[in-house]
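These notes concern the structure reproduced below.
Labels run A, B, C, D and E following the written order; every chain starts at residue 1.
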């Protein structure tokens, strides 16, 4: 049978949705779950072969594409644009364009913020609070680029503004690095996987962490003391996309999967499974109330306006960030 | 004079306790009815083996496709690796022990070399080299050569690169013990070369062939470093375990580990039995 | 000539690099003969035998079996079989399978091969041992299996490469006699290698003494012992006293050799400026009274330096005036000298016939 | 003549697998990363020859510090493993007899055929704050607060020593086994004390085994990845992690290749040094193992 | 008694489980004596020696050195040193270091130990070998290093456990004599183990013959050879003809033994219903003419079945009427029988004195 090899995040391709797709189209879906870096590195290792559809974040497409040419331009005529929230589609197209060719369309979006055990750490309101000596050994964040961006904003810098100037960006990152290095003694570990963090929070090993909104809401469902909080300096907004690898062998199936997934009723189900929001136009009306409530609690009006969306990362900046992160991990 | 002192004996006992403590806790907590593999003991359950996922949100390993597939992938790698290692290892052992040619010491040293290359380096070098080769071939032939891209076939090659050394050493060691007079005697009694090989040499080597095969199987199953760099979309067991462990410990991993221990224990006892038969 | 000899070696030479392991050797072995090659370690015995068996190829020369040249014939096609020093029994097979192996290689049916193997085992005194593992046999039994494995093929010639080397002393003594009897019973031609002179002397019809790739002498045991052709044979075969000096005077077949001390001994043979003289311990006569030795051309005075009591093989070491090394003589078992002690004065003497002289 | 050609052909056929294996899986890949390590990115998809990757290593303290740390800790782990394993190997080789000996050796082998990840998981369950040891300490009243024993260098060293033990014990036991009992007895007989015999007879005899064990353990330790990643804390970075990071999270293959070459150099240098200092040769040493 | 003996073994028994490897053995060794323990493999020789050296502890009994009990004294504190069968030279040390080892263990300074070691090496004929590796020595040289290593410590007693076992024949012959001379020069007490009767006979002042953990006889070599106390000693020490029968009549010190065939032999000793009679080959007289044997009480007719020519050690096997096994006799080197061939009829005879009879 025809086959679609999908490289995606865990939770983005629930078994029932895959089954429904196979039933409708006769195409089987082989799902590999991964994260941004691994998606890119896998495609880089294969020069864009091995998968028919990938789902990197929108800010991580243009850079790697310029560097390694691992994606194909999308044929927008095969995508039903009206299924997307217009503004989000446009923004994504803009961010993922290289040489005026579009490489990505939006799928799921969400935010980075703070997961807090409000009983144990009631005072946490911004990223800098993770460095509060009172919480020594009980906080965590990911040693990945969102932490750099987040702490930059929390300390009054604007990293996105410095994107164009590598030198300035490096200087800024050095400052952030220093700040994080200071904060490091407070951190129990740098978390890697979502479940790892959630388990640590549940067991009480961690009381506050920088994390994805969905994780916070999952915890909240079990224990109302655990909350997802949009930090004062602003939550970070991310959008995961659909992009077609350069040597994908089944583009038709890929487009079919995209269009299928953006159908409101499907998108709503996927969003519910992932615990995030979808770029599908009209799906929000179909979504369950719970998530909406949690969203409303975490994001008052001001917080929504304060969400900072990642712009596309120019090639080369990740080098700078990488070194800062390595230093952070290696230093003591 | 060699009578061991009591401190020494206590040390030995403590050592074996130390050796098995981690395995024991892994095995025990596979049966703990708790979402985390940690104390306190919350009662005995088989949920992590056969559960449907209703209780802890994750299905037991015997019904979870993630684990089943990764075990399957491990076999898809280990069996070809073992077969190739035995086959090529025998030929190599022959070259080491029997052939005479210039540069033999050099070849012998080269065969040992993979043992002193860190697994990660072996992995990246093979990844980089095959990436270049495949790109070159694709430009030239205008076809996809996916099997040389990261994925199980490449993992097989990567593991073979050092497991072959070990298989070669095992078989060569046995071949070295072989009294060539046995072959000459058979030949002298009128056997053809093929018959000598079949009736004398191979029967003599067979314990080493089985041993090398089992060792190769085990090493392939447990290899992590090299595999990590070469794996594609299909993850063998250690890679899947690593992925899950980064996601946070769950008794499902304990359950898989216990199965692995049982399998290894089984293979190891077969190995022990064959090597005893050898004596 | 086709069948008057079983084996002819004609000017065979084998070189490994520049070293000639076997150097222009020729000899023939008659049917039914027990022929031994005796030589020190490394003299080329095994190399010679391996050429006959077909495991090495002569650099030059010809090897003929029953008149048929064997050059180019592979080992598995030659009508000779070999008993290896290590025996080389197949450990993965039972005793019976070992003996039947050669037959099945020839295409004899399984059943018949087993039948013939068990008959052969019976003849070598191993009836009923067929299903034993070879590892469950004693040294002497393995020995017999190795020979049975060859004999069952009824070869023209059996080659044996120091087959007793691995056995202990008492068993070796016993197997010497048994091997000779087996050969007699089967009336097969044996070519036997050894570095142990006693083995060669006891068993062989003829012996070739080999040294550094060449044959020094070929002859019957008695010939070698009593009439060695070279100094090497004289000292390698049997216990002997060895004297070094220079040939002095020759008169009617007798040669006088002057030792460094000035003493002179009389012997037979040829001597040059430098001469070697040999006399066997059992040829040395002893007396308390010099008069009783007066008819011997060699007469010396000495003093017992050691009594090496060893039952029938006891000997004396006698520090003798004019000799650098003590003279070895057989300890008299009876007579006035039977109880001689260390330090006792004694006179020694021997005939000129008993002393062989060679140019060094 | 024909025979000669035939035997050449046979030799060639026999050699072919070795040549293919060593050529395609070992030599050329290493040439490839050597070449790769000398290529510098000048612009997207444009690379040029240069020493930049190595320069980067030497100018960035982070990298060479990690490198030095890895080397130092590996040596420490190797030494610790040797000290811990020696009495065990001595016992197995010289005291235990028959069944007991076979069983002790087999018991040693078993844990090591199970995946490294399983063993590491075991240590994590034992050491973590909510883990078995912490729990036991609390329930015995030794500690009041939960104790975190995981995520520090101690845990990494523990895990690595644990992982290296077998590879030390086996060559050591082999070497000790080959020591003739009579030689040890002669050592006592001539008036030597336990300590003299150990120092002047047993250890010198076991030297090839000690070197073999140390080389293997060192190689395994320096090249380890999972144990330091999983047991190590926020402070500990292992050099293999740097290689992994360059390849996987930074997509910077040339830099990763340079690191790989450096790691290879390091391990070869230390192995060579070890062999030189103890006067052993690689071939005989590895055959011990 | 304190110093009239160097070693006293008093009722020593050693059990391994239920098996008594050494069973109630007692003996004493005088200062300067060369004492050998001779016995077949597995009879307990090594166990006994290891108890003296301190590597095994007696189950019961006492071991005294110069009158001092050694029970509870560890091996490294006993004034005895051992030369191991395998020699057990330290391969990781040079020759000089090997010899100096024991001295440095005693706290002698490095320089002095080296000095004394090199003097000792000179005395055993290895001057200048100090810096050689032990692997670069020949068998005989290693032998001497092993002995030097013990002697340098000036022990009361040197124990030697089959030290010549690993050497080849010719070297063994040579070392036998050399060892005896060394012991004479140093005047040290030697306790020597061997299973080779020739070694024991040639070197020892006294020999204990051991069998299955017990001593069968202790005596001088000649005593053992000529007057064995038990059938085991008679057959183990020296070559002999062994006859089995039943004791028939006894008259003035002579005993008649009837063989199964009905033939009767006369000997000396004690016989029961079952008797064993032994006669040495060299005591068997041969004659073509029966008249010349008429004064011998034992006279039989036979036929030569094999001539085992082995130089001075040649012998004949004679199929003798009334005997199950052929009789072995020494091949006459001179006289009318010197050239006797297989199949020749011959008469054999021996005195009653030459035949020892034991109760089986």
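What we mean here is this: contacts are C-beta pairs under 8 Å (C-beta built on N, C-alpha and C of every residue); 3 or more make two chains touch, one makes a residue touch a chain.
The model shown is predicted, which means the values in this text are computed figures rather than measured ones.
The chain with its Cα centre farthest from the Cα centre of subunit C is A. No other two chains have as many C-beta pairs in contact as B-D.
Between subunit A and subunit B the centroid-to-centroid distance comes to 37 Å (mean Cα coordinates, whole Å).
Averaged Cα coordinates give subunit A a centre that lies 92 Å from the centre of subunit C. Inter-chain centre distance (subunit B to subunit D, centres taken as mean C-alpha positions): 17 Å.
Between the CA-based centres of subunit B and subunit E the separation comes to 57 Å, rounded to the whole angstrom.
In subunit D, the positions touching at least two other chains are 128, 130, 185, 188, 247. Touching of two or more other chains is recorded for residues 55, 74-75 of subunit E.
Looking at subunit A, residues 203 sit in touch with two or more other chains.
Across the complex, subunit C is touched by residues 169, 176-177, 180-181, 196-198, 201-202, 221-222, 225, 237-239, 280-282, 306, 308-313, 317, 330, 333 of subunit E. Across the complex, subunit B is touched by residues 11, 14-15, 17-18, 21-22, 25-33, 36, 84, 87-88, 91, 94-95, 102, 104, 106-111, 113-126, 128, 130-132, 135-136, 162, 165, 184-185, 188, 215-216, 219, 222-226, 230, 240, 243-244, 247, 253, 256-257, 260, 263-264, 267-268, 271, 282-283, 286-287 of subunit D.
On the subunit A side of its complex with subunit D, the touching residues are 37-38, 40-41, 44, 64, 66-69, 137, 143, 184, 187-190, 203, 205, 315, 318-319, 322-323, 326-327, 329-332.
The residues of subunit B lying in touch with subunit C in their complex are 179, 181-182, 184-192, 195, 199-200, 203-204. Of all residues in subunit D, only 44-45, 60, 62-63, 65-66, 128-130, 148, 151, 233-235, 237, 242, 245, 247-252 touch subunit A in the complex they form.
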